[in-house]
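Structures incoming, each one as structure tokens.
Both of the next two complexes hold chain A, though its partner changes from chain B to chain C.
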Partner chain A sequence: MQSYISIENLAKSYGVVTAVNNINLSIEKGEFFSLLGPSGCGKSTLLRMIAGFETPTSGAIRLEGADVTDVPAHKRPTNMMFQSYALFPHLTVGKNIAFGLQQDGLDKSEIRKRIDEVAEKLQLSALLDRKPAQLSGGQRQRVALARALVKRPKVLLLDEPLGALDKNLRTETQLELVRLQRELGLTFIIVTHDQHEAMTVSTRIAIMKQGQVLQVGSPSEVYETPRSRYVAKFLGETNVFAGGRAERSGEELRIESDEAGGGLRAGFTDRVALDQPFWVSVRPERVELSTSGSGLEGTVEQLTYTGVERHYRVRLNSGATLDARRVNLGGESDLRVGDRVFASWPPQASRLLAE
Partner chain B sequence: MTKPSWFNRLSILFGLAFLYLPIAVLVVYSFNGSKLVTVWGGFSTQWYATVLANPSIIEGAKVSFLVAAVSATAATILGTLAAVVMVRLRRFRGRALLNGMLLAPMVMPEVVMAVSMLLMFVTLGIDRGPLTITLAHTTFTLCFATVVLQSRLVELDPSLEEAARDLGCPPAKAFVSVALPNMIPALVSAWLLSFTLSLDDLVISSFTTGPGASTLPIKIYSQIKFGVTPEINAISTIILGIVVLGLVAAQLVSRRSEQRVTAA
Partner chain C sequence: MSSVAIAPAATPSATTNWGKRLLIAIPYAWLLVLFLAPFALVAGISLSTVRLGMPPFEPLTAWDGSILNLRLNFENFLYVLTDDTYLLAYLTSLKIAAISTAAMLFIAYPLAYGIASCSPSSRSLLVFLVIVPFWSSMLIRVYSWMSILRNDGLLNALLLKIGLISEPLRILNTETAIYIGIVYTYLPFMVLPIYSTLSSADKTLIEAARDLGCSRISAFWRVTFPLSLPGVAAGCALVFIPVVGEFVIPDLLGGADTQMIGRAIWLEFFNNRDWPTAAAVTIVLLALLVVPIVYFQSRQARAQG
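So, the complex of A and B:
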């Protein structure tokens, strides 16, 4: 089947430095797709290649089946929202939004109509005569979005679009972006280093590291079943223990781990080769702590109260640390720093990870 | 703010006196009623009238203004191109060398530049006149114009032009419609700076001049050979006034643009 956007063996190097290394991706129409990774992982370069600002060293980019690899930026049906917003300082908000339509040679009444339409959608109607310097950060962000959306692009590219906003406005804007994207039925590709942002807005996430895509999946897929140690650690917090000898009994594995100081149970999977080095991970929210019973034994070393949750850091007898979380349901914690505890979790909460 | 001590005040006073006393004397004596340069003969504006009635001086002024205007325009255009190359193409072979070569004329002895240009014009067989002076002035003001424009372009967000291209504007048009309007203050101050530098240049002008192309400074210098007259004081004061106006205007324009940048 033909993908809406397909990226085939795409690579980009600057001299000896490889920024993007042989990436393959398929993105469908109407998706909100995230490129997630730390700075320098090549996510922005990939986005800029889709926009046409960078020429790939090799590989191809197809849009609805047509090869656009060599089409210059100004002829591509994609529009970008820049990290700095890149609003034209010498033009008013209205003229900023009109800029792209004027390039297309649309007539004045049509331009007027489209500006009014997008301004209303993004609550900019009252600001059309202002200059960018007279706007707040949130307003500028909306102007940048309006300027890109008014062109009705096939794909909207967003380069760290919310980086300059404060936390509350950011969360609000994320939800607003998702609402807009659903309403317009457009395809969005967003670049971000913020895993919360990626999880909140995306239909699918590609996790990148050193120019490569490590894993692609829906937010719950990549969070619940990370395939590598890197992905597990990058998305949220997790406890990771090196696995040793593994024994299968039915659908369950029993894994010796010197690092955890005991046996760990996990559901059987054939996705990870057990004769290679592998790790067992468990999310802190899945760990149960009790003062009696069985499991990994240790001492509560630190207790943090965040309001929503209590975070426990347990020093296991093996010397490793284990983090656990409990949702705050009211009342005081029955565990205190220095208490002896046993940590356990259901086998399905364990994930086996390759390097 | 700390209050300046008497020592600070005194050093400022001495410094200013050192810099501006000669000029002040010149300005004051340009209003001298006496024919003798060093004897005060009461206030008079007669020497200004003499200057304005002197066709040779007026002719020199015309040449000077024409040369300054044309060479400033050429230097600003070439400087813009040089600044774009230096700022936008961050990495290319010989960038450091080119940057050094662009700035070297600022510190190069003027006589050396003047002689080399004279040699070049003679070798190429170009008759010396207004054209050669204009070319020479373009060359030596170019580096100043480039520096002014380069510093503005560095501050300009490169994604502005990318945004314009992204919205359907071809690259060259993107530069003209987005980058240039945001460089207007720098363009104006680069032009004014080049204009004033060209206006008061003597060394390069006198080497590259020819028949019918005597600039005002050349005329003044040749008159001085017969002794300083109060008329010279008047011309100098007029030139001084124009140069000061130009520099103040350049300063004001660039300050206004700075304020706009910080406000944005």
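So, the complex of A and C:
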């Protein structure tokens, strides 16, 4: 089956530096797709190649089956929302939004109609005669979005679109973006380094590192079943212990871990080769701490209170640290710094990871 | 362009306030003494009457026993404003300034654009090369143009040698020579402000324009050019104003038939020793230049509002 957007063996290098290294991706129509990774992982370069600002060193980009690799930016059916918004400072909000439509040679009444439509959707109707310098950050962000959306692109590219907003407004805008994307039925590709943002807005996430895509999947897939140590650590927090000798008993694995200082249990999986180096990971929210019983023994070293949760950092007898979290359900914590505790979790909460 | 407005955190303490005032006061005092005072003198002389002797004009005030007489003579202005010679000289000056400003804009804009699109390291070298001519005296440079443009000068020798012309062109002492001299001398003042706006322009705006469907050329006309207009305006003002009053270049390179206002003022002051008329010509010239500039500046300030 033909994908809406397919990226085939795409690579980009600047001299000896490889920014994007042989990437293959398929994105379907109507997806909200995230490219997630730390700065310098090549996610922006990939987005700019899709927009047509950078020419790939090799590989191809197809849109609805048509090869657009060599189509210049101004002839591609994609539009970009820039990190800095890149609003034209000499034009009013209305003229900024009209810019692309005028370039396409649409007649005046059609332009007027489309501007009114998008302005209403994004609550910009009252601001059309203002200059960008007279707007707040959130308003500018909406103008940038309107300017790109009004062209009705096949794909909307968003380069760290919410980076300049403060935290509260950012959360609000994320939900707004999702609503808009569903309503319009458009395909969005967003670049972000904020894993929380990627999880909130996306239908699927591609996690990138050093020019390569490590894993692609829905937010719950990549969070619940990361395939590598890097992905597990990049998405949320996790405890990772190097695994040693492993023994299968039925649907369970018993794993010796010197780092954790004891035996760990995990559900059996054939995805990880147990004769290669592997790791066992467990999310802090799955870890149970108790003052008696069995499990990994240690001492509570640090206790932080965030309102929603209490974070415990436990120093295990092996010397490694283990993080655990408890949702705040009211009342005081029964554990204090210095308490001896036993940490345990259900075998299904363990994940086996390759490098 | 888009900085977030931040309210002043607190009223600055009294000492920094005084320090700030002092910082502003010194250059203003300088302007007051070296610009406004001489200007007042010239304005005073323009309202006086010519006489033989030193200084060659009557004082404005006279002490008559117990009465202070103030005598303001507006004759000079009437004369300057009605006499064809001055009107013609004004018009010639404005015409030469306008044409040479336009010519400089056509040369300077592509040059500035070219420099601004170079890599940062070669940019500074190219800007340096634009400024280098200032290291020698302007007078010397104008003199060397005389030897280039003379009938038996370098240019004619070259053109004759390659057979483009059969007898020397008369360029020196014509209006063409004035244009060449002015454009050559003032070009850096046009290049630098345009270069400065172009080099500080936000490159992502061009990408945004391209993304919205502009070819390179239409992105230039719809984004780069309008955003460089403040630099163009500054460059035009920087060359137009001094060129209107230019004296040395037309005097050395121009002919007797091209009378510019700077030369008219010089002749009144030094040949005719008619200081009041010369001063009146100066004041009228100033008014002609200042009024439109103030108008445009206030319009621009309002547009940026």
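Note that the second predicted complex is superposed on the first by the 355 of 355 C-alpha atoms of A that agree within 3 Å, B and C clash if a C-alpha of one lies under 4 Å from a C-alpha of the other, contacts with A are read in each partner's own complex, and residues count from 1 in each chain.
Note that in this section contacts are C-beta pairs under 8 Å (C-beta built on N, C-alpha and C of every residue); 3 or more make two chains touch, one makes a residue touch a chain.
Keep in mind it's a predicted model, so treat the numbers as computed, not measured.
Engineer: Should chain B and chain C be called a clash or a fit once both complexes are overlaid on chain A?
Structural biologist: clash
Engineer: In the overlay, answer first, second, both or neither for which of chain B and chain C A:Gly137 touches.
Structural biologist: It touches chain C, and chain B stays clear.
Engineer: Should A:Phe342 be classified as contacting the first partner (chain B), the second (chain C), both, or neither?
Structural biologist: neither
Engineer: After lining up the shared chain so the two structures overlap, which partner does A:Phe268 touch, if you call chain B first and chain C second: first, second, both or neither?
Structural biologist: A:Phe268 contacts neither chain B nor chain C.
Engineer: Which partner does A:Tyr4 contact after superposing on A: first (chain B), second (chain C), both, neither?
Structural biologist: Neither partner.
Engineer: If you stack the two complexes on chain A, which partner ends up touching A:His90: first (chain B), second (chain C), both, or neither?
Structural biologist: A:His90: touches chain B and chain C.
Engineer: After overlaying the two complexes on chain A, where does the chain B footprint on chain A coincide with the chain C footprint?
Structural biologist: Looking at chain A, the two contact sets intersect at 51-53, 72-75, 78-80, 82, 84, 86-90, 99-100, 103-104, 132-133, 147-148, 151.
Engineer: Taking the touch rule as given, give the residues of chain A at its contact with chain C in the complex, in rising order.
Structural biologist: Contact set of chain A toward chain C: 51-53, 72-75, 78-80, 82, 84-90, 99-100, 103-104, 132-133, 137, 140, 147-148, 151.
Engineer: If we count contacts the way the header does, which residues on chain B are in touch with chain A in the complex?
Structural biologist: 157, 159-160, 162-171, 174, 178, 181-182, 260, 263-264
Engineer: Going by the contact rule set out above, which residues of chain A touch chain B in the complex?
Structural biologist: Chain A reaches chain B through residues 51-53, 72-75, 78-80, 82-84, 86-90, 99-100, 103-104, 132-133, 147-148, 151.
Engineer: Which residues of chain C touch chain A in their complex?
Structural biologist: 1-2, 4, 202, 204-205, 207-215, 218, 222-223, 226-227
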